[in-house]
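Note that subunit A is present in both complexes that follow, paired respectively with subunit B and with subunit C.
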Partner chain A sequence: MSQASRKRGFEFYVLAAFFSLFVLFLYGPMLVIFILSFQGPTGGLTFPMRGVSLHWFYDLMTSGRYGDLGGALSRSMILGGLSMLITVIVCFFAGLAFRRRFWGASIIFYLCIISLVVPGILVGLGISQTFQILGLRLYWWLSGLGAHLSWTLPFGLLIMFAVLNRFDSSWEEAARDAGASAWKTLMYVTVPILFPGLIAVALFGFTLSYDEMPRSILTVGGSNTLPIEISNMTTTVTTPALYAIGTVTSVISLLVIGAAFASISIIQKRRARAK
Partner chain B sequence: MSSRSNSAGGRFSSYLQVAPMALLMFTLVGIPLVIVVLLSFWQTDGITIYREFTWSNYASVLNSPVTLALFIKTIKFALITLIITTIIGFTCSYFLVFYVRNLKLQIGLLLVCTIPFWTSDVIRMVSWIPFLGREGIFNSILMRLGLISHPLSVLLYSDFSVVLAYVYLFTLFMIVPIFNSMSKINPNIIEAARDAGASKWMILTNLIVPLCKTGIALGSIFVVTLVMGDFFVVNVMSGGQSASVVSAMKNNIDQLYYPQAAAMAILLVVLVLLLVTAILRVVDIRRELAR
Partner chain C sequence: MSEQSRIDIQNVTKAYGATRAVNEVNLRIEGGSYCCMIGPSGCGKTTLLRMIAGHEEPSSGKILIGGDDVTTKGTGSRGTALMFQNYALFPHLSLTDNVAFGLKVKGVAKEVRREKAREMLDRVQLLHLADRVPSELSGGQQQRVALARALITNPKVLLLDEPLSALDEFLRLKMRVELKRLQNELGITFIHVTHTQPEAIALADQVVVMDHGIVEQAASPNEVYNRPHSPYVARFMGGQNVLSGKIESLSSGAAVVMTPNGFRHDLKVGLGFSIGDLVNFVVRRDHIHLTDVADLRRNCATGRVINVEYQGTFVKLAIDTGSREEFIAYINDQAYFATPKAVGDVVNVKWGPALNHLLLGTNNSTGNPSED
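Up next is the complex of A and B:
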């Protein structure tokens, strides 16, 4: 930060302007569709606003034109919750295991990397064909959940690596030396210390599943998740109802992100006070 | 640590801890991908799939003149997006790391760049529609400024809007890894270079860029694989006029030609892996990350 300690020069303002433009680029379009989702009943897909109303939100809920949006939303929420729970538990233990060397560690690691690198729809095709060959039917809560886990687990593991990188395992050794059982060490030492990191894993687990589309298309069977419904709407719906559903789902995502950030910062503040 | 890692009990508990992960990854990724490889060698008449070996799926994909065009187009999209996201990602990280003095503000601004990652890509893409259409915001601004007399129709449903959406969606995958490697640069090195008489430009090109190689490589892997795996953005943002390898594969799937789709996908994955290996050749990411 040696440069920063000097006087702010011309470059600072150029770079700051560039960065601000980028942030505007990142959030401007989203803000615009939030605003446009409150179009009046005669309003179109772009400005001008013809009045301000909740018409298009009401339209989403009451008209049957948009398919089973309520069902899709609840399925996406359930899938997000299940993916979050499974991702946190499975990745937590896998992360602990990866601290030691064991046979097969690199196979699992590379499977994770492959799952991230390969096009999502291909994983979906593979899962749906595997079900077909086994003679199983596709259900959103089974094959669909599996497809979501193939996406959330690798991310969860990578985040656990980062979390455990900063974890001092001498805390665990101290607990063991003091006579704590493996279970007690886990519950009273490891989990509490790593808790903020686990919240981060949970955030990824929920949001990546909640917004997942390419892997879901071929694996959810007959009942769609919300992102699939919305992506179908992009080609068929030409009213601000499209923005209204966008606003609804983004607000849900932002609430989840906000809750995760808030709980992490509360824990960290408490720890800082305890010191 | 070392005493535990060698004990049988430690190893046993490792296997127990990693078992659910291993089981899930094998059943959800390992086996399905093997099935896709097998599928690409099976026969179909468009209704039923016969589990008999054939090269014909690859032959028909490779002999089709469309295939080469699709691959070239996909690579073109990937490279253009890669160049733009690298420039934006590098510049933003450079600003955050070297020009934002307050550490808390620095992290906060980085978070501002990453929050969209946790929201829906579909919605983020949709949010460009009010901007780019014939009666969209850009056209009306340009017309009001008197720069154009007729609304531009190339803004939406063109290659331009596809690349714009890619840059919009994927730049944050570039910012985070570059920021990460840039913030690890020891300020003393830069101080030393300046004392030795290096100009700012020399410090940037001879010192900072090489030290960010790992971040740029990681980000490139993300961006290249994301663009090459996409079918949705290219479909919607080009209005169906442009196609990528995966969108063509999606068409095959919709017509129930699974084996051809699988063959195409395998070719794409081979290409992606070659590109990733090429990137890894330039930078040894695993070694650099352990640094």
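Up next is the complex of A and C:
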């Protein structure tokens, strides 16, 4: 008997209702913020909509009331980019290294996991204290970057493990057998085969850093990153500009994720039908 | 050609901690020959192959290819090419670029190497798929690509790690023929690792039977099959009954051996044996006849039939003669069906005295006897 011909039972409707609730809970608030950000110039923080306009986006960009929002955005983008770059490079080689059981491998692995488990705010506190003890100043591109890496590196490493799980090391052996040096094996075989996985690592490296708040608060020093800036705005700004900034940052995140998935699928397609 | 592609393995040992995967192996593989290394899994045949390819370095000993010591030379620069068991084709490259890979790393220009790769693909009858990627091919096609990729650099020695094990029975027989034809055409040395006895017999000029890191016997297939060195080789190659007994009488190298279950056999033992010595010997299963009780004096056995299998051209009878191993007789099907036997019947078998072959080696392990 095929599944389709069976009559759907009571359980189906219960589970379907539960799933609908979940989806509503997940995307409902986001959708509300998205809609409200197009509020008319006289509109407020809640429904009803008083017309539809781009007023609050314009306001966001031109008005001085919102502090250094542009600066915060560019800092977050740069920080996300740096975290991404370092995460991809370090996690790639760390993943390759972990394929061998080198001395101390499991200790290093557990240290990485601990850094995922410890509350971010504590990591941030620790970093700022350490900087003070050493007499160093806190900068977003220094202490802030370090704090973000304590989050993105272990995460990236775990993804790299999953990626390498499907990597057959006899590909590398075949390359060496054909006369390829270690460098050529890496460039012609290892990196190209792992490339879609590396994009996934990069994606996590960027997004985890881009919206990281707990680790940032105490480590960025004088100039804020975007999540901190937005958090501050929620207490001071009482216009739909707040929603406009939500929409803008969400769109940036979605663009980055979309670009990553698009490049993965282009690579996969090219592989499925080379040339 | 043959001098250049001769392989000398001198005292080679590969140790992993306390265990020796390959243990002081000495072996010469003639240039331009087809060599099959055979043995149960874990016998060291793949490790030996990988050492010849340069993917593993011997713990001690030397490997020479064409007289050059290549023991520590990197893989890819010693004139060998390895075809991997799972083929290890690059999933991100088209067939053309897979095959051209060996030329690419040598810095051959794109158009030249692609042209060469297409020629090689044509040779394995896959030119029409040149722009596909490996995941779009069947197992047999993937294997031919792997073969083309290995041959593109004109190796002196082609190493094949269980090349046919991933194929179904029909393709395996077909590819077996192709491998042999290819080897004849190219005239280079093929070293083929397998655990299938008929494959080794059918392909090889030289069969190397291994067990526990040691070469038990290295000889022509005919020699290995008919004149096995030890009970292990006899059992592993199949087709033989392994018997053992004590020398009862002896005159100028001709002995009479008494088996524990009470049968006497004629056996040529040569010099160096004395009465009372325990000896192992074999008798081929297909040279055994059913007989009446009357002339049962030597080179015979009696026992109860425990299994009957019809094999088309012959009937395989398993007989319990009171020893630990069952005695197998391949009886001509016409002779058998003249007087068929049932399980439980008591039968007598005999054979000519010249068929008893003495086993000099003492390795008595069962290996994993692969039946034919």
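The definition used in the following text is that the second predicted complex is superposed on the first by the 255 of 275 C-alpha atoms of A that agree within 3 Å, B and C clash if a C-alpha of one lies under 4 Å from a C-alpha of the other, contacts with A are read in each partner's own complex, and residues count from 1 in each chain.
Heads up, the rule we're going with is that a contact is a pair of C-beta atoms (placed from the backbone, for glycine too) under 8 Å apart; a residue touches a chain by one contact, two chains touch by 3 or more.
The structure displayed is predicted, hence computed values, not measured ones.
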Clash-or-fit label for the pair subunit B, subunit C on subunit A: fit
Partner chain in contact with A:Y188 - subunit B first, subunit C second, else both or neither: second
Touched partner set for A:R176, first subunit B, second subunit C, both or neither: second
Touching partner for A:L122 - first (subunit B), second (subunit C), both, neither: first
Dominant contact partner of subunit A by residue count, subunit C or subunit B: B
Subunit B versus subunit C as contact partner of A:F18, first or second or both or neither: first
Geometry of the superposed three-chain model: angle at subunit A (Cα centres of subunit B and subunit C, steps of 10 degrees): 90
Shortest CA-CA distance between subunit B and subunit C [superposed frame, angstrom]: 6
Subunit C-touching residues of subunit A, taken from the complex the two chains share: 168, 170-171, 173-181, 184, 188-189, 192-193, 195, 271-275
Footprint of subunit A on subunit C - complex, ascending: 53-55, 74-77, 80-82, 84, 86, 88-94, 97, 101-102, 104-106, 131-133, 135-136, 149-150, 153
Residue ranges of subunit A touching subunit B (in the complex, touch as defined): 1-5, 8, 11-12, 15-16, 18-19, 22-23, 25-27, 29-30, 32-33, 36, 44-47, 89-91, 93-94, 96-102, 104-105, 108, 111-112, 114-123, 125-127, 129-130, 133, 146-147, 149-150, 153-154, 157, 169, 182, 203-204, 207, 210-211, 213-214, 218, 227, 230-231, 234-235, 242-243, 246, 249-250, 253-254, 256-257, 261
Contacting residues of subunit B [partner subunit A, same complex]: 1, 4-5, 10-11, 13-15, 17-18, 20-22, 24-36, 39, 88, 91-92, 94-96, 98-101, 109, 111-113, 115-116, 118-131, 133, 135-137, 140, 168, 171-172, 187, 190-191, 194, 200, 221, 225, 228-232, 236, 246, 249-250, 253, 258, 261-262, 265, 268-269, 272-273, 276
